[in-house]
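What follows is subunit A paired twice: with subunit B in the first complex and subunit C in the second.
So, the complex of A and B:
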């Protein structure tokens, strides 16, 4: 590959805000995204639209390059994380976990799950009193559990069960909040 | 996120934190959650002759969620059950000057008090155990 630094950069295409993150990087939407394909697509595209290449261009072109670069970065950040990628695929599948809309928003967990979340806070209080070691055990356990939930969501997405994946990812959000609280407790105990 | 003085006050000095025994027949328990952010809220009322004598809450979430539930427990004490059921999230949001992105916290508190009342009334009717 020859360096393109000497030659003028290829002109930028119009910015299309309706493109999804996969389209932005020229990838097919997939739960099990090939890590190398993602990396090379990101590098190739971010090089092409990098604002440094347009420092001598007019202001409109510079703005356009910024817009492209920001969107490429955002797409990469979302797609490289298995959790965020799964949430994003659920969103493309019609369920927005950031919304509380009854039809298209995050599905409500069962009462039993919510009661469990309250009870586990009581467990956290007990562990806080017991000390750092107990908190670390709790954190390790929870990390494994969260990983298993993301795996379950990925499996559901692979078999096209978007609603089931959404349910698992909602559980993951509750557990993420619990994990934050354990981290805070650990910091205070340390 | 800039919180209003009232939110900060409730967050730093939450009123009525705690629990009642949810098996007591004069206690109604509401447990609700916000799926988008993972907040969980438990709100309980203790009722005597149709009047809420005491209320307690435990909320695991952001400052606005804690403040909303704290405020509701303050408001409902001394209220008749049917009046407490009329509390609207817009009143909570207004009192706490919640910004639009935090309105869902007041919705959560309204859902929690309604769930607690429903639980109490179900017990009263002898239909179910909370």
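So, the complex of A and C:
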């Protein structure tokens, strides 16, 4: 496992906190990201900036490596998930789903959607009483639906309709919460 | 220490090379330590060499993780284990299960007395309190010494392995133990990741592997992706309180139930535990095994079939964790390229069968499951010492989500479980009123929705917020997890750019001051520490003798014939001298205290002997039974008060009457 000339690590560049996650990994912003390109970009950058490569360097360099590595990991965390990636693109497009600001925050769901959610909660209660199998069915159904919503958001993003994508993603968040509740109910039923 | 407690010093890190002199690493001189529940070991792989475990003088590489406080100096290893049945409450086994845990978390059977109080659970042994962190440090010191003896140079740097599923408090406790043992902990390495490194799984190019690690007290399952020298943990899961110990306990309680014993004594319990462990190990080879616990009158036999039925619930729990971890990694069992078994408990055939059944393939077992973790630690230690070793990169994850308690006790997750470390999360807090100058934040770790149901990590106060209209003060708090998955907190007020003071109070673990004190004691003042302990022990001894002699003198010193005038003056002088020595806290020489005790013992010997003779004579002179009983009771009463000291003196005189 020895290597005669362990190459000294390439010096780290200055840390630029204003870079977005795509820039951080050297990728072009895209809704449909090539998974393979993402993985190899992530591994290549991780190898380069990981703090373990700088164990004998001075404290400032170690701190810098930590900053770079944490940012690379965060970018990977967001971009690898199609849902989180879509949310992030919406954010880059000017709508922050984590904010309740009337202008730039998450759009409010329609009344019809909220009524639908109430009905679905009742559906969950009924399924909980019916037992594990009914819960499994509900979970499968919901999984398909969530995938369809993310697909719709991706399509909207591809055609530049950020507001439409944001609306779909807000719905996806409600459904995600419902999915968590179904999982909890499944665990208690098992 | 870049941990949560000293977080408020983080800002100073950018000072040029602050403290770097201390941190200089010596390439190729670091050791890898597997600090296990039942045994520990140390391995080295200097400057790119293949790893090897270091053995003791008897050729034994595995050091039982047992620390005895039965004597004045702690003993570690098999010597400590030999005292287990005799001193069941002073010999600490499986301390790893107590690391970073409060007494309210200890929900398994153990024979120890835990000291009252909050925070880190502590044992009461031999009249003092010992934290599991200190006991672990004793084990680490033993391994460090072994390595130094073998390598012929001082050892400072170490990689210590921890269960992947250890939370922040448990990791912090382990790191503190390393510091107390005089080690600079380069990394807390997850045990399954260490095993993957030892197997060199990266050398086969690309692949997906599961590492199933069942040790004495902990269980981990990690899913790793290996590619071009990068070990990337995709997901990890497990149970930091499930292991081979539980198999032993299941066997022990079945044996107890069969024998109809409901309340065994601590020493019976330890004897039973040792036998249960032996039987478990024997049943890995044999179909049946004879069981013998004379202390409990147990003579029976256990079949492998019955054993497997007893441990089935635990196995099921591990497989359930495998299933959910695969799901977290978004993989199916069939997509894996291999499964690796680690940990002594994977020798149990039923464990292997369960793993093979779930993953649908025969597991890899080429490397000794007891040593593979230490090998991986040694390789990593060598790499992190700055040695010229072919580069590999370890991308590990945090096993449990990190969250903040919000209104109504609900947790808001800020770093999800299985996020690759190091990682940071930022959260902006605002003020409710102009008068508000601070706020308190509670950090928890776990997956549950309510803060109370998770592990409390720390509470801290943000102080010195500027006085601004409601909602205008914006404090950005950064939660940084380092490569050891340890948390650091920093805060900045965004409007004014003022850095906030963060005072963090960890819920478990030792306080910073206590760790510093223990480090000082063990490192710089090893000699003084020993002297202080010797002094304290001598003082206890002297106190016992003084009390016994004083009581006897006051109650019986004037009885005719017991204390001749020629003896009275020297006895009183010795007694008063000893009492003065007890009072005088400035005496710091153990030998002086010992001399006072010996002088008192010598001048009161004859007095003690005569008192005993008088009691015996009372019996021989044909007195009434009631009188003899009264005399004996009187002696007995005195005997109890002086803690048996007088009796020892008389025995050493041989038969006198």
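Just so it is clear, the second predicted complex is superposed on the first by the 185 of 190 C-alpha atoms of A that agree within 3 Å, B and C clash if a C-alpha of one lies under 4 Å from a C-alpha of the other, contacts with A are read in each partner's own complex, and residues count from 1 in each chain.
Note that a residue touches a chain if its C-beta (ideal position, glycine included) is under 8 Å from a C-beta of that chain, and two chains touch if they have at least 3 such contacts.
From a predicted model like this one, the values you see are computed outputs, not experimental measurements.
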Which superposed partner A:97 touches (first subunit B, second subunit C, both, neither): first
Touching partner for A:43 - first (subunit B), second (subunit C), both, neither: second
Which of subunit B and subunit C A:135 touches, first, second, both or neither: neither
Which of subunit B and subunit C A:73 touches, first, second, both or neither: second
First, second, both or neither for A:51, with subunit B first and subunit C second: second
Subunit A residues contacted in one complex by subunit B, in the other by subunit C: none
Residues of subunit A defined as touching subunit B within the complex: 97-100, 105-109, 111, 113-115, 117-118, 121, 170, 173-178, 181
Residue ranges of subunit B touching subunit A (in the complex, touch as defined): 31-40, 42, 58, 60-61, 104, 107
Of all residues in subunit C, those that touch subunit A in their complex: 13-20, 23, 25, 27, 47-50, 186-187, 200, 227-230, 232, 379, 383-386, 388-391, 393-395, 416, 419-424, 480, 482-483
Complex interface listing, subunit A residues touching subunit C: 1-6, 43, 46-47, 50-53, 55-56, 58-60, 63, 66, 69-71, 73-74, 76-77
